[in-house]
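Naming follows writing order (A, B, C, D and E), and every chain is counted from residue 1.
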Amino acid sequence: MNILSLFVLIPLLTIAGIVMVKDIRHVKVVSGIGTGIQLIMSAILTFLYIQARQSGDTSEMLFVKDLVWFRSLNIHFAVGVDGVSVAMIALTSIVVFSGVFASWEMDYLTREFFISLILLATGVFGFFISLDLFTMFLFYELAVIPMYLLIGIWGSGPKEYSAMKLTLMLMGASALLLVGILGIYFNSAPEGGNLSFNIIEISRTTIPMKAQYIFFPLTFIGFGVLGALFPFHTWSPDGHSSAPTAVSMLHAGVLMKLGGYGAFRVAIFLMPEAARELSWIFIILTTISVVYGAFGAIVQKDLKYINAYSSVSHCGLVLFAILMMNHTAMNGAVIQMISHGLMTALFFALIGMIYGRTHTRMINEMGGLMKVIPFLSVCYVIAGLASLGLPGLSGFVAEMTIFVGAFQHPDTFQRVATIIAVSSIVITAVYILRVIAILLLGPSEKNSYELFSDARWYERLSTVTLIVFIAFIGLLPFLLTSMTGASLQPFMNKILGMNIF
Amino acid sequence: MSIGDFAIMRHELLLTAVILVVLAAEIFSPSGKRKSTGTIAIAAFAFITVAGFLPSPAGTLFGNMYIADKTRLIMKNILNIGALLVLIQSVTWLGRDENRDRVSEYFILLISTLTGMNFMISAGHFLMFYIGLELATIPLTALAAYERYSNKSAEAGIKLILISALSSGVLLYGLAMLYGTTGTLYFEEAAHLLKNNNLQTLGFIFFFSGMAFKISIVPFHLWTADVYEGAPVSITSYLSVISKGAAVFIFIIVLFTVFPVIMASWQKAIYATSVLTMTIGNLFAIRQQNLKRFLAFSSISQAGYIFLGIIGGNAAGMASVIYYILVYIFSNLGAFGAVAAISNASGREDLKDYNGLYRTNPGVSLIMTLALFSLAGIPPVAGFFGKFFLFAAAAEKGYYLLVTIAVLNTIISLYYYLLVVKAMFINANENPVESFKSDIPTKLALGICTAGIFLTGFASPVYEAIRNLSFGI
Amino acid sequence: MNAGIPLSYFLILAAVMFFTGIYGFLTRRNLITILMSVELILNSVNINFLALNRYLFPHKLEGFFFSLFIITVAAAEAAVAIALIINIYRRFTTINVEDVNIMKY
Amino acid sequence: MTDFNYTLWIFLIPFLVFILLGLAGHRLKARISGLLGTAALGVVTVLSYITAYFYYFRTAGINDVFRKITVFDSTWLHFTDTLEIKMGILLDPISVMMLIVISTVSLMVHIYSLGYMKGEKGFERYYSFLSLFAFSMMGLVVATNIFQMYIFWELVGISSYLLIGFYYQKPEAVRASKKAFIVTRFADLGFLIGILLLSFNTRTFDFSVLTDPQGTAIAHSSGISFLGLSVTTWSMILVYLGGVGKSAMFPFHIWLPDAMEGPTPVSALIHAATMVVAGVYLVARMFPVYFFAAPAALEIVAWIGAFSSLFAAIIACTQTDIKRVLAYSTISQIGYMMLALGVSGYGGHDGLGFMASMFHLFTHAMFKALLFLCAGAIIHAVHSNFMIDMGGLRKYLPLTHLTFLIACLAISGIPPFSGFFSKDEILAAAFHHNKVLFFIEYAVAGITAFYMFRLYFTVFRGEDRHYHTVPHEAPPTMTIPLIILATAAAFSGFIPFSKLVTSDGKAFQTHIEWGIAIPSVLIATTGIGTAYVMYVRNPSLPGRIISIFKHSYKLALNKFYIDEMYLFITKKIIFRYISEPVAWFDRHIVDGTMNALAIVTQVVSFRIREFQSGQLQKYAFFFISGTILLALTLIYLLH
Amino acid sequence: MTLNQLMFILFASIIVVFSILTVTSRRILRAAVYLLFVLISTAGLYFMLNYAFLAAVQLTLYAGGIVVLIIFSILLTSHISLKFEPVEWKKSLFSALAAIAGALITIITILDFTFSATNEAAREVNMRLVGKSLLSVGSDGYILPFEVISVLLLAAMVAAIIIAKKGGPKSTDTQTSNYQ
């Protein structure tokens, strides 16, 4: 059994387990175990991957498994990973794992909730291991659809509206993506031969320029919507604010990364020429995303809105970095994806836990929580500091790699854009500190706060897991970048091979 | 004629035999024991369905008037599966008091329409095609008006027969023109004699209108919603799946075998009507409150997607259309089956009645959800694969704009499918449909549909088997 | 017997008849008159088939037989249609097509 | 001990203590954690002194040139082939000097806090933050490359934030900490962009490459220009912006006075002695680049320094909060240091300004820390920050009084106290460079003496105020650091800095330029005299003067309304005119468009419902029209 | 003008005029009678085309069967003296426009086309040939449609029967709002 296929299989088995279990209370346990196994699996995978690399395996993808699925269209179930996907898989396992524990108190339709949640995770895992555009697309949609139910059923506020909006916008994006994928497929053999959905195979040819001009924007926007590309980001604030805790975590933490990952693995990798020609449009958009999201976050009053806008800003940075098309910036993008995944998951987890106690997410209805729930508050501060790019936490590593990388671009335009994007770090500081000041610090406002208990064991498990990884990346980034950086070489070869510079 | 010849046209012969068996059972069984006719009919039909999969020789009979080949065989088998599901689903409803004295008529009519469709698909001559078409239509009008105490049903019947009479008139007029320009009504000969001149194009357009009416293509679709709403649920599902599927089948056969010469023209026609169909169907579906009517508009828009597979005129398109119909049969019958189950149990068919359904009837809700997702083209259910192949077929020929329009339309469709899902899972309801236990036929039918919704997609042999047919193009 | 009459006369006649039938279908209120319009349409088709067969392809009888079957089918169709019309009359106590519209939008 | 490998522990120990106290501090007894932190810092201090000893006297000075020693340097984050962040330790005269300053002051503060913070809630948190700060500051000064410096720069910023906001339930403290962080963060943005620009040009972060006068970095630096200044100049200006923020130079000085909301020892450590001079240190670190490649930027450094020193001195005269006075005084003194760097040359005696700046940094650290710690002792005694609540404390707090006086004399530049020597060198350097700057500094020297003694006289002389409890001297944990620091403040002027800390590592001779020194001492004495007249002899005089210069006094009292301007910019411009419109735009325009798409679909859907009228004949009409239209299009229009 | 032409003109004008009358007459029974005239004239045309058999079928099945059926149903459902409301002018106008446009396009396209006749000898249509063709299985044999149409007729019969089986007057329709 291929280790990668297990990543799809185990969640499915977990779902089966959840369905079988008689007692509702055991549902959580099963989910916890399932995702725990997943977490261990991804650790093993990371280990095996590094070991394979060190033993001199230089093939582009490792653990490749290729099964023909639909022969006539040359659709395969092809899986394989490189450093980037391994990192994303690890991220997913971490977030899912902590997501399960963050939703330990779920008591309405529990079984259904965990099934949907793990189904979502299945889609994400499948997406990251896929080498075949078709299966990639399949898993992408598979990941989006459970969102509707998760938000619609277990959400809060205008949940139906938000769920619908989110689903429609993301599926709209996937619609564009579908056209893009078909376009790539039918242009994947310009010199004759078999058409292919396989990313690696397509990357060895050059898609005709005329086709690239059409399909690059489609693909990029398709993925970009999920990556909260301005102006297609509006699903994000509503969606996040209505979603239940674990879903926000998973969505902002992992699902939005599908956008960045896809834009990078599909749009740019397969169509670098058009990417270079058209990147200026998207650089403008992503730069706007970065700054605009940050400014948007300043005046929000709902914690989740703040974080949603913050995600717009941070995810904008991912796409921004990818468009720079150089090794460092792309590497930065990967780290940023992971970093943002972890810290935004942490944020949402904490927001959920705070909400569980105060029953409001409006910052001006709360205050002085540091005194009553110090553990959660400290975690929140750490998340905030990671978000504003404090050295020693993951955010700094990611942002700096992006900025330095982007600034190495030979064109002035890109560098000016970088300077504008860099300015977001101040705005980020403003909104993060504003929230911390209003929410956590200051005198504690209400007497009822005295009754709050600090984090329970599952909450601690959930948050600490995330914090450990945030700090790990922040303190020892070279471990991660050496893994992801080497995997970017094929991209760079392809990009450099087209003699841009 | 020899025994082998009978094997070639065994579908039609067996169906006719079933009609006669039911008729005999109706006539000769004592009036008290008539209930059994339904069982006999279904058993016989199930036998036919299975028998249909036996390998069959290809060939032509009656001087090219009847053609059998693998493509047609698979089409007929697909229709048989669908029809069998419809029959099983209708058992509960037929068991009602008001229907009890008309059970065998129901089977006779339904099976004879299926016979008509089979003849239509196997036709090698426009006369056979026409007779098959009428045989597939006229009894259906009666079935649409089957509900004894329903004004809606009566209205559905009259609307269907009048507009179908008009459409067959138009179609015949077109055939006359084609006849005048080629001098033959045999498919094969006509294909060689067509020259792509104005009169032939006009003839084709008349023919196209007639077919478009059967497939519910905008602007020839307006009868659909009214008839679907008025007709009994099982007939609605039959109309929307089998009748439409058969029409699509014969349409692609005729297009690809008779009209390749004027492909440029029909591609334009299909392009325009496809866009209109998807869009209008979706726009109407958004606001529907009656589930049957809702599914009617949804099935209209599905027809628009099906046209995407046709437009390329390529083998991939043909395969994807056939495959899609198969998927569509399971999906739509799943949805209609759920609607029928709820309608039988509670008599409720409105969207608002579905509020909170999941709390009381989780099973039906899940099946409905799966079916709707399949219709919307959401993975991992089969509809996703079906749509993907349709779009791929159109994209292969460079119709990217059309594909884009189609995929954007799927978003609208997703919206209204989700409205139903929302009603079932999210909306609260003080007076939900009470928990009910379905009887075995309903469960069986829904189970088959569910299995089909999953398996036809994942199991690539299904598609590959269809794809491996040569289609003669 | 048709000497001296161009084929196009027949065809034009059929066309006029056809579209008269169409006009009738679109305007007549009474379901039965609509059915009558349908009959006009089918008749015009028959004229077409027969004239074309006679003038152009007299060596075969395809048009002839087609017309024959059309007439038969038309009869069957008319029978069912009339049954349905009577059914409507029974349920709605009117056969005005404009009143038969409980299902719409 | 000359391989200096042990220097690694100088910043590892505080880090480990931080982790330990941060994770497990709340489980330890408060006292234990305090002692643990203090002991750890004691070790660090000892190590620092050993380092200094071996560096200055054993290793480097052999050929009269202090080498730069890279103790170790390992890659932490790889960017490109030439750009990577390394973590390492660079020992050179200024970094070693800074180690001394930091460890000394830090240790004093640690010891002092044992008494001062006793019984405070979150004692262990306090010590863990202090350790974090020590770690960051050490890392900053020993940085081998500019990015490492930036990293620790940020960490220093966050430690400062955490410590200012130590009393997190006090809204003022929260506000001040936020303000400090954001203002410096904004300045750091410049720093970062400066780094990006610089590294883009030079392809390196490494100090040893960047600051080598013969190095490629400086040689490469000319070239493209923007708005008349070369890119390097721009980048150095931007880098300096970071220093302006951290060192609270005008216009980013606004955070420092507010930062006094933090515990007083913190103010002594961070906001007087160490962190705030990081800007100075930065400029000193990059000095060759400034001098050779960006002289225009250096000019800016000088002018901003001069202006800030004058500006802050004026404000200091009007403040009534003892710590705020000291805070403005800090700004003013750092201005001196900046000015000194700005007017300095490179190499040998030309580098007088550089040496003077570092010298002043050193002495200032001692006497300013002393001043703050004394202020702490005073506040500890009277439970108030305000001068109005103090008076005649001389007899209650004799030791504090004495040490405070020494510090005042030192800062005022009265010989033989340390401030005199360092300030004199600065004035000399300024004199040789630019007379205007020189005279500004002369004036500032007088004002400084004035406001310091204004403080001194009000607090220790004059009448007793109404005290709730009789003020009493602080415990030994607090007074011992005072004594140590007072000794340093008094005598550190005699350290031969020109032999040790110079711009190019070579020693040179200095002598007191009496032509400059004597007037400066006179001016200072005048200032002291004025203060004596106004606050001791004739206490009603200040009020009269204030009524005469009502407007300018009000202006200075309100810190020239700079805060209000910032507030205006942030609240009005950024919040109201950028953020809120952005949020509005997002909700209504961007989101509105998406919603409008949905609404339009719905409306269209409603509008076209008439097609489905239920009228059979209409259906037929559309049927026929469709056919005819198709025919028309296909046969006659598209054929 | 030959006799043939004269006859054709006669039949044609009867067909056209009475067709139009059929679809415009405001009295339903008259409309049915007009239809009868049209059908009979059509049979005349068939005679002219030498399709005597079909003319006979036309007269019996159409004129005899369908029209009678229609008249019966008229009698069942309407008062004989029923006179329709005049057609709404808008409806009439648009329908006429559509019909005329369709007719024009059709006629123009037909006239535009040059039909090419076969050179082969014509076959005499007689009962024998018709019967033989109808029962022949080979090429040009029509046994299959002949058989299938019997199924059709059976189905139509059953269809008519189940519709005619009496149902009560009450409607069980649930009144629903179809549209939001």
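The rule we apply is simple: contacts are C-beta pairs under 8 Å (C-beta built on N, C-alpha and C of every residue); 3 or more make two chains touch, one makes a residue touch a chain.
Fair warning: this is a prediction, and the values are worked out from it, not measured in the lab.
S.K.: What chains, if any, are shared contacts of subunit C and subunit E?
M.R.: Touching subunit C and subunit E alike, sorted by label: B, D.
S.K.: Could you tell me which chains are in contact with subunit A and with subunit D alike?
M.R.: Expected: B.
S.K.: Farthest chain from subunit B, going by mean C-alpha coordinates, please.
M.R.: Chain centre farthest from subunit B's centre: D.
S.K.: Where centres are the averaged C-alpha coordinates, which chain has the largest centre distance to subunit C?
M.R.: Greatest centre separation from subunit C goes to chain D.
S.K.: Of all chain pairs, which one counts the most C-beta contacts?
M.R.: Chain pair with the maximum contact count: C-E.
S.K.: Could you name the chain whose CA centroid falls nearest to the centroid of all protein CA atoms?
M.R.: A
S.K.: At what distance in angstrom does the C-alpha mean of subunit D lie from that of subunit C?
M.R.: That gives a centre separation of 96 Å.
S.K.: In whole angstrom, how far does the Cα centroid of subunit A sit from the Cα centroid of subunit C?
M.R.: Distance between chain centres: 65 Å.
S.K.: Where the centres are mean C-alpha positions, what is the separation of subunit A from subunit B, in Å?
M.R.: That pair's centroid distance is 42 Å.
S.K.: Averaging over Cα atoms per chain, report the distance between subunit D and subunit E in Å.
M.R.: 100
S.K.: Among the residues of subunit B, which ones contact at least 2 other chains?
M.R.: 127, 131, 134, 138, 141-142, 145, 151-152, 157-159, 162, 166, 170, 177, 180, 183, 198, 202, 225-226, 229, 287, 293, 415
S.K.: Send over the residues of subunit A in touch with two or more other chains.
M.R.: Answer for subunit A, listing residues that touch two or more other chains: 168.
S.K.: Where in subunit E do residues touch at least two different other chains?
M.R.: Correct list: 91, 94-95, 98-99, 102, 105-106, 109-110, 115, 118, 140, 142, 145, 149, 152, 156, 159-160, 163, 167, 171, 173, 178-179.
S.K.: What is the complete set of touching chain pairs?
M.R.: Touch list across chains, by label: A-B, A-D, B-C, B-D, B-E, C-D, C-E, D-E.
S.K.: Which part of subunit B faces subunit A closely enough to touch in the complex?
M.R.: 316, 319, 373, 378-380, 384, 388-389, 391-392, 395-396, 400, 403-404, 407-408, 410-411, 414-415, 418, 421-422, 425-426, 460, 463-464, 467-468
S.K.: What does subunit C use to touch subunit E in their complex?
M.R.: By the definition above, subunit C touches subunit E via 1-5, 7-13, 15-24, 26-30, 32-33, 35-37, 39-40, 43, 46-47, 50-52, 54-62, 64-65, 67-69, 71-80, 82-87, 89-91, 95, 102-105.
S.K.: Flag every residue of subunit E that touches subunit C in the complex, lowest number first.
M.R.: Residues of subunit E touching subunit C: 2, 4-5, 8, 12, 15-16, 19-20, 22-24, 28, 31-32, 35, 38-39, 42, 45-51, 54, 57-58, 61-62, 65-66, 69-70, 72-74, 76-78, 84-85, 87, 91-92, 94-96, 98-100, 102-103, 106-107, 110-111, 115-118, 120-123, 125, 129-130, 133-134, 140, 142, 145, 149, 152-153, 156-157, 159-160, 163-164, 167, 169, 171, 173, 178-179.
S.K.: Which residues of subunit E touch subunit B in their complex?
M.R.: Interface residues on subunit E, with respect to subunit B: 105-106, 109-110, 112-113, 115, 118, 137-145, 148-149, 151-152, 154-156, 158-163, 165, 167-168, 170-174, 176-180.
S.K.: Looking at the complex, which residues from subunit E come into contact with subunit D?
M.R.: Residue positions touching the partner: 91, 94-95, 98-99, 101-102, 105, 109, 179.
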